[in-house]
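Structures are listed in the sections that come next.
You will see two complexes here that share subunit A, one where it goes with subunit B and one where it goes with subunit C.
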Partner chain A sequence: MKANSTVTLLRFDWLQLKRSHAFWQLTALLLVISGYAAFYGRTEVEQQQQKIDLLKHDIDSSMRVVSLELQKRDTTAAWHYDDFLFSLHANRPDGTAALAFGQRDLHKFAVSITTGTYFYNKYATGYENKTLSGEIANPQKQLAGHLDTSFVLVFLLPLYFILISYNLLSSEKEGGTLLLLAGQAVSIPGFMLTKLALRWLIGAVLGTLIILAAATITQAAFDYRLFCMVLATWLYVGCWAGITAVVTAFHRSSGFNALSLVSAWLLFCLAIPATLTALLNVVYPVDAKAQLTAAVQKANARVFATPKPLLASTFYQQYPLYNNIPRDTFPNGWYNPRWVRAMHLLLDKEVKPYDARYHAQLAQRIRSTDGLDYCSPAVLAQSIFNRTAASDMQQMLAYDTATYHHFALWRDYLDEKIFLHQNTLTKKEFERLPQYHFTPVIDYTQINRRLVALGLVTLSLFASSYGMMKRPLFRKMI
Partner chain B sequence: MISIIVKKEITDLMRDKRFWIIATVLSLLSGLACLTAWQSNARTNAERMAAQQMSRDGWLNQPPKNPHTAAHFGNFAFRLKTSLSMFDNGLDSYTGTSVFLEPHKQDDFKFSQAEDATSIIRFGELTPAFVLQCIPPLLIVFVCFNAVSVEKENSTIKLLLSQGTSVPQLVAGKIVGYWLVVSLLIMPVFVAVFLMMPPPVHATRGDTGVRFVLLLVNYLLYAGIVITACVVVSAFSQTSRSALIKLLGLWMLACVVVPKVTSNLGSTIYQTPSQYAYAKLVKHDEANGLDGHDPADARRAVLLRQLLTRYQVDTVTALPVNFDAIAMVESERYTTQIYRKRLGEVRSIFNRQNRISQFATFLNPFQTVQYTSMALCGTDYAQFTYFQDQAERYRLYFVNTMNEFMATHTKSGDWKTKFGQEVYRHIRPFNYREPAAGWAIGQQGPAFIALMSWLLVCFVLVKATKRVRIL
Partner chain C sequence: MNILEAKGLSKQYKDKAALSQLDLQIKPGEIFCLLGQNGAGKTTTINLFLGFVEPSAGAAFINGVDVAKQPVQTKKDLAYIPEQVMLYPNLSGRENLSFFSQLAGFKYAKAQLGDLLTGAGLQAGAVDQRVSTYSKGMRQKVGIAIALAKKAKALLLDEPTSGLDPKASNEFSELLKKLSGQGTAVLMATHDIFRAKEVGTRVGIMREGRLVTTLNAADITASGLEKLYLEYMHD
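Let's look at the complex of A and B:
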């Protein structure tokens, strides 16, 4: 097909689309929903940020009190019966997270780091530190999921694409113009691909506009991450263009095409992912949870009930570094910082292997399910968006692991003062309290791999459709 | 005449290749959903029952302790899955599986299944309910979009009307015909669920059968509502193509867009407090009293005065009971009020958030069936809070039993006298009892009323087809 004819066809097709009320109505509807999605994403991010800020404000106030106290006296207690030294550990969402909120609502995002038992607070009681136990969330809302920009792009944009492209050739056939076209110096596959290219362009431009508008509304950084999202959108729309090309190549009625394409949407966007989730629950159960709860409960009871002399000898055997008082038996009950810290350390040490097992199972599950992203273009696209926005499960797990590291840093620093410096913390030491900021590390290799996969799927779909249209049977059908 | 139309539609549908393809897909997905749900349900319950038993054994096998210290060992309440959750998992993946019960405080539910899942879970979970809520409407659109419009396009409608049939009769006949066939597809799913359904693992009100039958009726009505909508749209459309596009648009809005919009709107309008803010409020109430002017020390002093007067003694040590234990019983009652108040506030926010979706059931039959189905299967928010309340009552029961035992068997200041299994055995194990079906239906009142309203709307729609223009 000559370049001139292609341009003419594109112009004519665009004119036809421009005159269609349905096209503008659909576009308007998609844009309205996209606007709401951007607003929703921004609200969710703001709400999380407000919650983090509230915790930060209270932690700062508490630390300011200590700082003022240290202005008057040079030392303070490293451990007090009521905790008063805190550090914030937050997984702060940014503007990009508003575009794909992912798993952020299912996990904690703001923890107040302090001394105490980490695992007992996290898995059982939360008595001393409720921020470790997780966030309050409405399960009904969690079930519904997010109507954020990624939802618009992964679920609604393909539907929009289907509705503007289901009758590429069938409308010509039903209108009696296909034979006329076949008589011209235009190849039918070329004609179909030109029309499809225009629709792909419309979908890709619309997707890009949606992302850019959302990024502006949510104040996301215009960086490589946003570029990845735009590229993923182009490829994803390309993928749906490929599916449309294959369906069109069957050369059936508009009704058949519409039904087949919506079925494909149902298959890729709902049926396959839902089936995978069900199979995952069967094949990779996380059964270490029950053991973990029992271990936490037993360890707490055992440590708490251990007579002080026995606890002291067990503790000093395991932590010889802190054994600087000969024949120490932890006298004076709750007000003896060494006893309290020894109990917490022993408890956490006992539970740690169970926690490690649970996390290993979880990590194994995530690793094993990584490959399942490739089962559906929708899952693949969603995975790219979530990874780019750092709101995928890996990041949640990384934050959880980092929380423990922060806690361990904090604990070791203060325990050294408690055990080896008579529970005193000087002004200088206070100023050097360990700080740890969680910064998500985005795995671009995984993202790029998925982008390439989307591109390959698109190419193979187009190749198949082109092959189908080159067959004599197709020509016969015309 | 209607019966002839019904027979004709059934015959046509049985000859339709599209119908058989979709029916096969539906059967395969339903079969897979039943199998995976059954397997997952059985494994989850076995795991949780074992963990519950482990917790109980741990409780009984504690070494001799002071009763209050023993109470601190705590008990876990694991949420077992209901028999019908095999059909509709509802909120089960998001509500947490266990709660730690201990003195002084009410803990949160932990370990939701969704926490361990990758983002793929947000696409939905394959359960028989998921299949029946999402696939049949599309199947119905596929087979019904040209139900009346094709008669118009082929001008056969004029022939039909000349036989003395009215358009509403024609529409009604087609609806009944389609409904009978679609029901034949839905029934086997319920038969499979009935055969595979595990026996109840906790006490029920003996109404699982009633719930099951209501569930079946619920889905048959849902199919009927969708069929009516499709046939009526087809009747009012001039061409089959326009009917198809309208119906696909409606399907997308009803099943994909509106449920998310309504649910998300709720959380945008009514903000959920953070865990930290909630804990801070509880701590503040504990320290200052519910009215903010009743500090803990003052409450304790008043209680002591009351006891000294009651037993007509002058000092704590002269009391025949352990004052510390009585103070703990009172403190437990007081903190329970605090938690009730604060948790009530959180629940009230959630209920306001959910109300938007609940009222959307009057606009969207997909959401109607979602809510009614979860309610009947015992997996909705109301039944989760019902479990939460029972677990909290059990916490109060075992903690106060231990405190009261300490109060009457020891004297004030005595924290050293220890008791063993003979006391621990007094505490009965935690046994959850499901609420009655009537209660569950009452909690989702708007959704069930919406279902009935939809039936009324269907009759009105069929009647309205007398205005269909035949060219």
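Let's look at the complex of A and C:
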């Protein structure tokens, strides 16, 4: 097709779209939902941020008690202030996370690290579980998913695209204009692709606007991550343009096209993701976490009832170097540090296999999901958004692992002061308490791989449709 | 040189021959009218010249170029008016004409587009109205303007006066004569024997996919042509 023919087609096709009330109504509806989605994402992120800030405030207050004490005298009893020493370990969501909230509400996003038992703190304390994880607060939401910006882009933008593109060529046939067009020196496949290109452009521009507006509302950084989301949107809309091209190439009626495209939407956006989730739940059941919580609670009760001498001997087997304190150094009450530490140690030891199983299952699930992402363009696009927003399961696992390491670091640091440094904590040692900030490491290799896959799917769909359109058009259409 | 030419042109649909061994030459300025019953092969002939269907045997040529081999190239020299001219309803007559003439490579000024439309018989007041408000005759006139704007060497018409009132049909005949005078070769499929006699240079009668006779329109009267046509149909 000549360049000026292409420009003419684009200009007049746009003129017709501009005059269509349905086009503007659909666009307005999509923009309204996108606005809601942006504010929804922002609210979710703000709620998590507020909870983290609240926890930080509590921790800072406790730590200020120790700090004030250390201002009065340079050294204090480490064990005496054990209950005031906390460290915040949070997976703090940023503005970009508001665009694709992903798995963030399914996992814990903040833990106050203490010298106590890691597993009990993390899984079994009722207050923190309810406050710092959404899974108990709103199970309904887990079923419906989030109506965030990524939902609009992955689920609603294709529907919008289908509604403005399903009758690209069939409307020409049904309206009778195809005959006049076919009498011109233009190739019909070229004509169809030009019309599709305009609709792709509309979808891509609209998707970009939705992302940029959402980023402004959620105060997300305008950085490479946002660019990845924009690029994913362009390719994803391209993919739907490819699917539309293939359906159009069958040269059937508008009704057939609409039905086929909605079926494709149902298949790629709903059926395949639902089947994959069901499959993963069968192979890697999610009950491992419930078992883990129950195991922690049971172990806690059991350990609490274990005779103190037995607990102490277990403790010294693990830490013989700590067995340097005269038996009567500490008061004999129930809150004896050796006994408390021994109890924590035994509890963590008993629970560790459950935790290992849960994490192994999570890791296996992540590995399987990586491959299954390629089963559907919608799953692929959602995966790109979640990974870019650091809201994917991989990040949740990374945060979990980092939390455990931070806990171990904190505990060992303080235990050394309690058991080896005559139960003293100096001002300097207090200032050097281990600090750990979790920063998600975004795997751009995985993201780029998925972007390339979306691009390849789009190209192959267009190549197929062009091949299909080349010859038998008029036997079927005219 | 022949602008439109068919050499042994045939089209077979499974066990039915839609067109058999058509040999036809139409020179610049000639108006060739094809008469025949429904299913006689008139529309198939036009569709073969347009490249809408592939020939089973033989070839159709436009300005010496094989249509089946270069379907897009041959349409540059060709204008086509179907029986029912359907246009984009949410564009005006002027916008529709602008669109189709730009596709053909001609960019006209707003006033020129208006002149072309009024020249084809469209009322001046309707030029900028949406086509959704047009009658069939008005759409047909826009179709004629589209064909005129293309300045094509050949014009293919598939029952173009069907449904037009006598005045509009008469205006259409005048336009055809004008185009013929400018050297355009015209192939028109029609049921209208009197219109064929009136505007045609030559008249061909088709039956069951075959061109059974060809005669100069000047050599026969309208009633004579009707009689001959009926004879072929009753054989």
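One rule holds for everything that comes next: the second predicted complex is superposed on the first by the 405 of 478 C-alpha atoms of A that agree within 3 Å, B and C clash if a C-alpha of one lies under 4 Å from a C-alpha of the other, contacts with A are read in each partner's own complex, and residues count from 1 in each chain.
In this section, contacts are C-beta pairs under 8 Å (C-beta built on N, C-alpha and C of every residue); 3 or more make two chains touch, one makes a residue touch a chain.
Treat the numbers as computed from the prediction; the structure is a model and nothing was measured.
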{"item": "Contacts of A:Val65 with subunit B and subunit C, given as first, second, both or neither", "value": "neither"}
{"item": "Touched subunit A residues, subunit B compared with subunit C", "value": "B"}
{"item": "Which superposed partner A:Ser20 touches (first subunit B, second subunit C, both, neither)", "value": "second"}
{"item": "Which of subunit B and subunit C A:Asn4 touches, first, second, both or neither", "value": "second"}
{"item": "Which of subunit B and subunit C A:Val32 touches, first, second, both or neither", "value": "neither"}
{"item": "Partner chain in contact with A:Leu310 - subunit B first, subunit C second, else both or neither", "value": "neither"}
{"item": "Which superposed partner A:Gly176 touches (first subunit B, second subunit C, both, neither)", "value": "second"}
{"item": "Contacts of A:Leu420 with subunit B and subunit C, given as first, second, both or neither", "value": "neither"}
{"item": "Subunit B versus subunit C as contact partner of A:Ser187, first or second or both or neither", "value": "second"}
{"item": "Contacts of A:Leu321 with subunit B and subunit C, given as first, second, both or neither", "value": "neither"}
{"item": "Subunit C residues within the subunit A interface of the complex", "value": "47, 50, 52-53, 72-73, 75-76, 78-80, 82, 84-91, 95, 99-100, 102-105, 143, 146, 156"}
{"item": "Complex interface listing, subunit A residues touching subunit B", "value": "22, 33, 36, 39-40, 43-44, 47, 51, 54-55, 58, 102-103, 106-108, 110, 112, 123-127, 130-131, 133-147, 151, 155-156, 159, 163, 254-255, 258-259, 262-263, 266, 269-271, 273-282, 285-287, 289-290, 293-294, 297-298, 300-301, 304-305, 362, 365-366, 369, 372-373, 378-379, 382-383, 386, 392-393"}
{"item": "Residue numbers on subunit A that touch subunit C, as the complex places them", "value": "2, 4-5, 8-9, 12, 15-16, 19-20, 175-177, 179-187, 474-475, 478"}
{"item": "Contacting residues of subunit B [partner subunit A, same complex]", "value": "18, 29, 32-33, 36-37, 39-40, 43, 47-48, 50-51, 54-55, 58, 62-63, 65, 69, 72-74, 76, 90-91, 93-95, 97-98, 100, 102, 104-105, 107-108, 110-127, 130, 134-135, 138, 142, 145-146, 240-241, 244-245, 248-249, 251-252, 256-257, 259-261, 263-264, 266-268, 271-280, 346, 349-350, 353-354, 357, 381, 384"}
